[in-house]
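Labels for the chains are A, B, C and D, by order of writing; each one numbers its residues from 1.
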Amino acid sequence: MSYFADLISTVFERRYARAVSSDAQGRTITELSRDLLGARGEVSGSTLAHLILRQYSSGDDQHRQAFFAFMMHDLEIDPVDVVESLKIYKETPSKSSYSEFVRASEPKRQELLRRLNQVPGGTQHLVSMRKDLLRMMRDVPTLEPLDVDFQHLFTSWFNRGFLVLRPIDWSSPAEILEKIIAYEAVHAIDSWDDLRRRLQPSDRRCFGFFHPAIPDDPLIFVEVALTRGIPSSIQTLLADGRDPIEEEEADTAVFYSISNCQDGLAGISFGNSLIKQVVADLSRDLSGLETFVTLSPVPGLKRWLDKETQPLLQSSTAIEVSVAHYLLEAKRADGLPVDPVARFHLGNGASIHAVHADADLSEKGLQQSRGAMVNYIYDLSRITANHEHFVTDKAVAASPEVHALAACHPSKN
Amino acid sequence: MSYFADLISTVFERRYARAVSSDAQGRTITELSRDLLGARGEVSGSTLAHLILRQYSSGDDQHRQAFFAFMMHDLEIDPVDVVESLKIYKETPSKSSYSEFVRASEPKRQELLRRLNQVPGGTQHLVSMRKDLLRMMRDVPTLEPLDVDFQHLFTSWFNRGFLVLRPIDWSSPAEILEKIIAYEAVHAIDSWDDLRRRLQPSDRRCFGFFHPAIPDDPLIFVEVALTRGIPSSIQTLLADGRDPIEEEEADTAVFYSISNCQDGLAGISFGNSLIKQVVADLSRDLSGLETFVTLSPVPGLKRWLDKETQPLLQSSTAIEVSVAHYLLEAKRADGLPVDPVARFHLGNGASIHAVHADADLSEKGLQQSRGAMVNYIYDLSRITANHEHFVTDKAVAASPEVHALAACHPSKN
Amino acid sequence: MSYFADLISTVFERRYARAVSSDAQGRTITELSRDLLGARGEVSGSTLAHLILRQYSSGDDQHRQAFFAFMMHDLEIDPVDVVESLKIYKETPSKSSYSEFVRASEPKRQELLRRLNQVPGGTQHLVSMRKDLLRMMRDVPTLEPLDVDFQHLFTSWFNRGFLVLRPIDWSSPAEILEKIIAYEAVHAIDSWDDLRRRLQPSDRRCFGFFHPAIPDDPLIFVEVALTRGIPSSIQTLLADGRDPIEEEEADTAVFYSISNCQDGLAGISFGNSLIKQVVADLSRDLSGLETFVTLSPVPGLKRWLDKETQPLLQSSTAIEVSVAHYLLEAKRADGLPVDPVARFHLGNGASIHAVHADADLSEKGLQQSRGAMVNYIYDLSRITANHEHFVTDKAVAASPEVHALAACHPSKN
Amino acid sequence: MSYFADLISTVFERRYARAVSSDAQGRTITELSRDLLGARGEVSGSTLAHLILRQYSSGDDQHRQAFFAFMMHDLEIDPVDVVESLKIYKETPSKSSYSEFVRASEPKRQELLRRLNQVPGGTQHLVSMRKDLLRMMRDVPTLEPLDVDFQHLFTSWFNRGFLVLRPIDWSSPAEILEKIIAYEAVHAIDSWDDLRRRLQPSDRRCFGFFHPAIPDDPLIFVEVALTRGIPSSIQTLLADGRDPIEEEEADTAVFYSISNCQDGLAGISFGNSLIKQVVADLSRDLSGLETFVTLSPVPGLKRWLDKETQPLLQSSTAIEVSVAHYLLEAKRADGLPVDPVARFHLGNGASIHAVHADADLSEKGLQQSRGAMVNYIYDLSRITANHEHFVTDKAVAASPEVHALAACHPSKN
C-alpha cells in the first residue's frame, strides 16, 4: 500500500485513482494492460498505468515472469498481418498504408511500455522491470526477444540529447551521494569520509549523466583526479593523507573510475559520450589541462595469464611486458581485444599510452589485474581516426613504448 | 555561420568540430547522413549531427525537400529483408533473429532521426524539420509516409512521463512570455500589458507543458480564470478594469484558452493530460474550488449554419437553440461531432454544461461562432465513463438544460 | 596562502589584489585597518578587508588579542567629542549636528567591522572572530565592551527579516548535512545512517534558519517528529526499527531537538522565531496537525536536586513530582525559573503541558535530567498572553496536571 | 485590506494575526510602536510590525509626518542619560556600563526600525518610508536628523557583503525587466522591444545589485555594450538595425548607462562596487576584453556654459574644447568638479579618457550636454592611486589628449 502511495503524489490524484480503482477491482494485470492499450487508456491511462505498475511491484517472481510471458506471446506481432500490410504498402504507398505496416510490424508490447511510461516515476519502474527481465532471461531464454523491445525503447528515451551532465560534489544532495557510494564499481568507497575525499579536494571532480525523468539517480558517473603528470598508481592517487594541489596547477585530468549505475540499462551505452563531454567541460574551465588520460584496471589479465603456459614472471618489468602483450595481442574470435576495458576505451578512440606494474595493490587489483594498470589517452585530434581503424581494421592504437614492451614478450622470440 | 555558432556552445567543441569539419569538407548532407549511420557516427556522432543540421538549416526548400526524399527513398525498408527476417524469426525465435526482424522492419531514417537528436538543441531542430515536412507534404504526397516516422518518434519522446508542468506567471522569463504572446491562438494577446492582465492578478493562472530538451519553449499552455460561479461571456471575464477576487474566494476554475505552440508537434496530443494535471494541481492548492469548466468557442458553427436552410434567427434564445442543436446533432461521417472543440473536450470525457449567446462579441467570435460560447464541464468522477461512451457509442454527454434547448430546434417539429 | 586563495574567488581579483597587496607589503593589521577606515578604504575597501582578514586568520591568539585590544582602545569613543557634539546638537539640532553626534558616540571599531563585512565571506569571518573574542574575554575582561559592539552589529545583520527558513532533508547538500551531524546538541547523531533516520522518513522534518551571506551553514535548526498523540519518551520516538506513519495521519508535531550552530552568534536569539515559523509552515502544509509540543530535557534538574536535602525518591511518580515542583518553584534571584530550557520555552509563550519520568534513558538524560523530560505546548492563541505574564509577573503557565503533581511535593506538607 | 493580505503570506499567519489584531483594535500607530519596543514585541513582534506598517501605508501624508515626528521627538535620545552613562562607563569600564552607554546614545527609533524590519517584506517598506521622509524633509527640516538614523541603518543592511550581483537578460523574470524599463534613468527604454535590443544581442550585457530581502527589485543596474574600439556616439551604439558582434570579438566593454533604482536608498552608494565587480566578472568570462570604459553624459555642461560669458562656439572642436575645459577646470567651492558624473567616476578612480562632440543627439543630450559625451576609463592598476589623488589633492586624472584640448580654451590665452 505504501508503494502505491509513493507513486501517487497528490491527495487529488489519490481520490481520482480510487474511482478508477474500484472499477479495476479484481482485474488482473493482463486485463488492465488490455484496458490501457484500448479506449479507456486514452483518458485513464495514467491511473491504469499506476495500477499495473503496482500489481507488478507487489507481485513475486512468478507473477512477474507471467507478465513477461504475456507481453512476449499475447502482445506479439502477427506475421500474416505484417506480410499483408507490407504488400499493400509496397503496392500503394501512402500515409495510411505505411501507418498500417508500422503498426503491424511493431509488437503491441512496445506501445504498452510507452503507456506505462506516462506515469510520473514510470521510467524508473521500467528500468527496474528490465533488470528483472535480464535476470529471468537466463533461465527462460524464450523471453529474450522481449529484451530487444526494451532495448529499442530505452535507446530512444535515453538518447544523448536528453541526458544532462551534472557535476557531483560535496554540495550535491545526500540522496545522490549515497548512490555514488553504492554504485562505485571500480575502487570501492568505504564511507562518507572516503566519499568526501573523492569529491571535496580542489583537485578532484566527479560528473554524472542524469535523465530528466529520473532526476535523483545517476545513470553513469566518472571520477576525475587533477594532477601534474600522468599517475602510475591508484593507491598513490587516492592516498589518505596526500596534499591536494590547486586546480590551476594541474596539467592532466585522470579518469580513474567509471561506473554504470543502472543494471536495467545494460547495453545502453553512455560512457563514450560522458568522457568526451567531461573532457570538453574541463578544457573550457581549466585552461591549463593538456592531457586527458585514464588510470584503468586490466580486468581480464589474470584469467588470460592462467591459460597461458608461460612460466610465472614476477618482476615488474615482466608484468608490464605481459600486460602490453596481452593488450596488443590477446584477441577474441571477432578480432577485438579480449580485455573489456581495452575494448571500451579503444572503441571510444583512445589509445594505450602506458602500462604500470605495482599500480593497484588492493586485493581486487592484485587478483584481477596482477596489480597492473593502464593509461588510455584521449587525444581529441585523433579519436575519430583511432576509432575508425579500430572498428574497420581491428587496429589497436598504442604508444611506441607499449609496442616496445610487447616486443620483449617471450612469444616473440 | 552564426547559426552554427549557436548550436555549438563551447570554445572546445568548436575547436573539435573544426577537426571533424575539415574531414567533412565538401561532403553532402546525404553523405554525412550515411557517415552518421555508420561507424564514424559512433564516435563523432554529435559533430556529424551538427553538420547535417547546419546544412539542413542553411539550405532552401529545394534542398530540404531533397533531404526528405533521400530519407523517404534511400533510407526505406527493404521488403525482401523484412519478409526474410520475419520468416527466420518465426521459424527459430531468438534474441538475434528478433533483433534482425526489428532492424529490417524499421526504416534506417528512424535511426538517423534518433542520432540527429543527440546534439544539444537537436530535438527542437527536428520539430522544426517536421513543420517543414508537413508544409511540403501538401504538394508532395509521396513524402507522407516519412511523417509517420516522425510522429512515431515524437510520440515516444514527448511521452507524458517526460513532460513537466510549469506555472507561467509574471515572474517567468521574458523569453518564455514573449512566446505566450506569439502562440495564444484563441483570444489574442495585444501587448505586454495585456499579457500582464492575464498572468498577474490574484485570480488568474497559466500553466504550460515543457519538454526538458526544449526548456524555454512551451509545447502547449492553458489560461485559467478563478471565478465565483460559471461565467457566460469572455469579454466580461477579460474586462480591462475589472476587480480581481482573492484566490480563496473562488469556487470555479475556468479554462478559457488552450493553445498548442509547436506546429511541428501537430497530432501529438497533450491537451487531455494538461487539463487533468491542472485540475489536479489547482484542487490541491485551492481547496475552495468545486467546479472545473471551460469557456470555449464554437468554431464550426458559422460554416454549418451557412449550409443549413433555416431562416436566420436573431434572438439570443434562437442562437442558443441553434448551438445546442449543432453540438448534439451535427455529426461527421464517422458519427463524431462536426465541431472540433466539442470533439476535443467530449473526447477528454467532459460534458456540455451550458451554451451562451452574446458571449464573445469580438470580430472573430461573431464571425466564427456567431457570438456564442460553450461551457464544457470536467467532473472527474465521470470523465472515464463519458469518454468510453463517446468513443464506443458516439454518445455526447450534455446537461438536461442543453438537451432541452436542442429540443426547441425547428427541425424537431 | 591557501586560506587567502579561498577568500578571493576570481583570477581577476587575484591579480588586482596583488597590485594593492604590494602597496600593503609590510603593513601591519592595525595600519591596514586605519587604511580601511580612511580614504583608501572607499575604493580599495574590499582588498584591504581581505588582507586584514588574512592577517587575522593566519595570526595566533596573541596577535588576535592584540587586534582586539587595538579595536578596544585605539578605536574607542572620545568622551570629550561625545559631550561636545551632544551639546551642539541639543543647542542647534540639524542634520549635520546630529550626524556629528552619531559619529562621535559610535566607536570607529563598528565602522571597521562593517567595512570588513563587505568582502564575500566576510560575515562568516566576523562570526568566527567573535567566537575568539568570547573565549579570550574570559581571561581578559577589559575586552568585554568590544563584544557589545559585535552584538549590536550582529543583531542588526541577523535580523529576522533577513533570515531564510529552509527545510533540511535527505536531498539537502552533504556539506549542510555534515554540519547538522556536527551541531546537534541535544540528542547526538552517531552517523550518516542515524542522520538519515532523522530526515528521510515520512513522519520526520527538520528546518533551519540561514543567512543569505552564509548560505551553506545553518544558524539554528529544529528537528520535528510527526506523531499521533503526545510522546513521552525520546528513545521510543527515535527507536531504530520503528514504523513511520504517513504524514496525513499525524495530529501532533513534536519539536524534540533545537540546536544553535554558531558559537559566534551566542546571545543573538533565533529560537523563538524559528519555532513559530515552523508551526506556521507545518500548519499550512499538514491540515491534520492540532498540537505543537516539545519533548525537552530538564538540564538543570540533577544539579538542583543535589542541593536539595530531600531523600532520594526512586519511583517514577516521585521523579515526576520532583520535576513539576522544580519547574514551578525553583527560581533564580531574578524570579525566573532556574531551568534554562524552561526559561526559553516559557519566555516564548509556551506552557508546561506534562512531565514524564523514564523518558530519556540515555547516559546524558539520566545524568542531567534523571531520565525525565517535559512537554512544553505552543498554543498560538495563548502565547502572547503567556509571554506577557511571564515577563511581567514571572508567572509560569502550566497545565492543571502539572500543578497537581507539584502539589504532591513533600515541601508542600 | 488587500495591502495587509499581501504582507501576510499564509493562512496560518492570517489567523494568528487576527488574534493579536483584536487586542490591537483601536490602538494608534504610536501605541503599537511602544508595544513593539516593549515586552510584547519580543513574542508578537512580527504581527505588531505588520500592523504598524499597515497603518503607515494606509495613512495619508499628514499621518505619516506625525509618525516621523513621533520617532524624531518621542524616541529621541535623552542627553542627561547619555552624559551620565558615559561618565559611568569612563569611570568603571565594563560590559554593562558600556552597554548602558550604547543604549543611551542610540535613539530608540533605531531599535523601532530594526524591529519593523523583521517582517517579511519589511525592508522594502522601510526603503519606501525613507522615500517619504526625504520628500517631507524639504518642508519640515526638523525631521532631518531622523534621516541620519535611516541612513545609518541602511548603510549597515545594504553592506556590499550582503548584495548579490546578478546578470539581467532576456531570460530574467518579467517582473524584474519591467522595473528596468521603469528605472532606466540615462537613455530611456521605450518599449519591451527596445529592452530586448539592450539585453538579448550577443554583444550586450546588463548587471544589477540585489539585496536578498528584496529579491525582485534591483538596487542599481548598469548596461554594458561589448565593442571593438571605444565608441564615440550613443546613437550609433544603440542604433536599431546595427549588426551585433560575437562576444569573443570584443576588446572593449562600454558602461553606457548606470541607474539607481530606489529613491529611498539615496546616498547609499553602490555604483563604485558595481562597476568594479562587473569589470571583474567580464574579465574572467571574456578574456579578449582589454579596455573598460564609460560613455557618459556631461549633465552639468549646459548650465555652466550659460553662466559663462564666452561667445557660443558651434564647431565640434569648439564644443570638445569647452567640455575638456569644463571637466578639468570647473570646480565647486570644495574644489571638486562641478559635473556630478565626473565626480562619480573620478571618485571611483577612473580617469577622463576622451571627449566627443555630436555624441548624443537626443533632445535630452543636446539640452543637458550640448550633444557631448565623455569616456571615463577604468584601468584597475591605477584606480587606487587616482582615487587617492582625487580625494587628497582634488587632482583630476585625464589623458594628454584631454589636457591638450583644454589648453586650447580661450580662457587660457
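Following the convention adopted for this analysis, a contact is a pair of C-beta atoms (placed from the backbone, for glycine too) under 8 Å apart; a residue touches a chain by one contact, two chains touch by 3 or more.
Bear in mind the structure is a predicted one, so any value in this text is a computation, not a measurement.
Student: What chain is the most remote from chain C, judged by the mean position of CA atoms in each chain?
Tutor: Most remote chain from chain C, centroid-wise, comes out as B.
Student: Hey, how far is the Cα centre of chain B from the one of chain D, in Å?
Tutor: 47
Student: List the centre-to-centre spacing of chain A and chain B in whole Å, with centres computed as mean CA coordinates.
Tutor: Computed from C-alpha means, the inter-chain centre distance equals 34 Å.
Student: Using mean CA coordinates as chain centres, what's the chain B-chain C distance in Å?
Tutor: 54
Student: Please output the residue numbers of chain D that touch at least 2 other chains, ranges allowed.
Tutor: none
Student: Please list, in label order, each pair of chains that touches.
Tutor: A-B, A-C, B-D, C-D
Student: Inside the complex, what are the residues of chain B that reach chain A?
Tutor: Touch list, chain B to chain A: 10-13, 16, 19-20, 23, 39-40, 42-46, 79, 82-83, 86, 89-90, 93-95, 98-99, 102, 105-106, 114, 117-120, 122-123, 141-142, 144-145, 147-149, 152-153, 155-157, 159-162, 164, 212-213, 272-273, 276, 279-281, 283-284, 347-349, 380-381, 383-384, 387-388, 391-392.
Student: Sort out for me which residues of chain D touch chain B in the complex.
Tutor: Of all residues in chain D, those touching chain B are 2, 5, 170-175, 177-178, 192, 196, 216, 246.
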